[in-house]
Amino acid sequence: MKDAVRIQQDDFSQDEEIKALKACSLRMGGIATFVGCARDFSAGRTVSQISFDAYGSMALSEMNQLRLDAIEKYSLLDARIVHRLCTVTAGENIVFIAAGAEHRVAALDACRWMIDELKVRVPIWKKEVTPEGDAWLTSHP
Amino acid sequence: MKDAVRIQQDDFSQDEEIKALKACSLRMGGIATFVGCARDFSAGRTVSQISFDAYGSMALSEMNQLRLDAIEKYSLLDARIVHRLCTVTAGENIVFIAAGAEHRVAALDACRWMIDELKVRVPIWKKEVTPEGDAWLTSHP
Amino acid sequence: MINVLFFGPVVERLGMRDCQIPCVEGMTLQCLHDQLAAIYPHAFEIVCFCAVNGWQVRDLSVELVDGSEVTFMAKFSGG
Amino acid sequence: MINVLFFGPVVERLGMRDCQIPCVEGMTLQCLHDQLAAIYPHAFEIVCFCAVNGWQVRDLSVELVDGSEVTFMAKFSGG
């Protein structure tokens, strides 16, 4: 089974990730997921591609810590975080978050917390390639 | 492509549902999903199976209206709702909710709202089969 | 006739999934409810919602017409 | 030597991904930051976070030791 926290070039399968998440317990009643995708339009400009840069070793250890923090904070049964690092075009997946808990409130709360925290804790940067030139993003809309 | 709102016996694929959800727009930046599963334990008792009864025609029209309400309320690009009606054992999927929006906050808010509303608006009833006998559920933990 | 449907926990208490009640001129949803609740108090103590022709109805003073499909339902527990 | 790393938007403004700075006895993270910021003000105006050996450090008074890996980073924008 793939690691619960990964940085990878390839796309991920939600079905595979959910299957892995559920494997830990038959007591899981709610699974919340979030997928972040590349958009064809951002801040008024057409975006043709998005590329990334990351401080890989720190990003992976922060993501692992973030998963453990979420499991503890929300009493999750399990959680998974996958971030792609490659050049993506509109519609492609960038990040996957999943939280599994006995009840839905904890799963939904934890999923939102993880994606919010990931954006402020994990050293990854996004560059939008547009017809007018490239631009690194530094805000969190 | 399968309908965005369905009541069915068979399991669903998250990958297929997400692909269908994304098909409507390249402007979708965030997708939030919720999956409800059967648990092996509920209110202190071991649960061997869960079965359902539904007022099928009303359930489907309420689910369709719920999807439209969510799209309007949260300015979603698209949303999907699938509920299974069959006998499931622990670990099996029961319900799937997905919300796709330009940004993550709307997707996450709408996903939570849809599962909360589904539980109070859609005429479906759950019966837990336990070693001590069967019991219809009427609360929303 | 009015076709009355039941589901899930209500069926279990009633022992039937549906019944037909003659439609009397001017009969309201409240009348029908009270008539059935008097015969089946154990089942009707868990009835929380009514629907007429597949639409949830909160105002029980609506008049029923011949051929209506009426449903008395317990609190939902799907999802 | 101290190995200094840069990423993404900071690399773009600096034109380099890393540099080596001699480690002076008692040099703090603040000293190193200020030294580089004086040379590369345009790049350092977007620096928000520092890490030492892969751990984010908020207290810039920490002393650096020979062989440390220091990173000056812009606001993150992943996810």
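Letters A, B, C and D name the chains as they come in the text, with residue numbers starting at 1 for each one.
Throughout what follows, a residue touches a chain if its C-beta (ideal position, glycine included) is under 8 Å from a C-beta of that chain, and two chains touch if they have at least 3 such contacts.
Note that the structure is predicted; figures quoted are calculated from it, not measured.
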Q.
Among all chains, whose Cα centre is located farthest from the one for chain A?
A. C
Q. What whole-Å value do you get for the distance between chain B and chain C if each is reduced to the mean of its CA atoms?
A. 26
(Q) Between chain B and chain D, what distance separates the C-alpha centroids? Give it in angstrom. (A) 48
Q) Can you list the chain D residues in contact with two or more other chains? A) none
Q | Residues of chain A engaged with two or more neighbouring chains | A | 36, 115
Q) Considering every pair of chains, which are in touch? A) A-B, A-D, B-C
Q | Of all residues in chain C, those that touch chain B in their complex | A | 5, 7-9, 11-12, 46, 49, 51, 54-56, 71, 73-79
Q: Note which residues of chain A are touching chain B in the complex, please.
A: 13-15, 18, 22, 26-41, 90-91, 102-104, 107-108, 111-112, 115, 141
Q | For the chain A and chain D complex, residues of the former touching the latter | A | 36, 52-55, 57-59, 61, 83, 94-95, 115, 118-127, 136-140
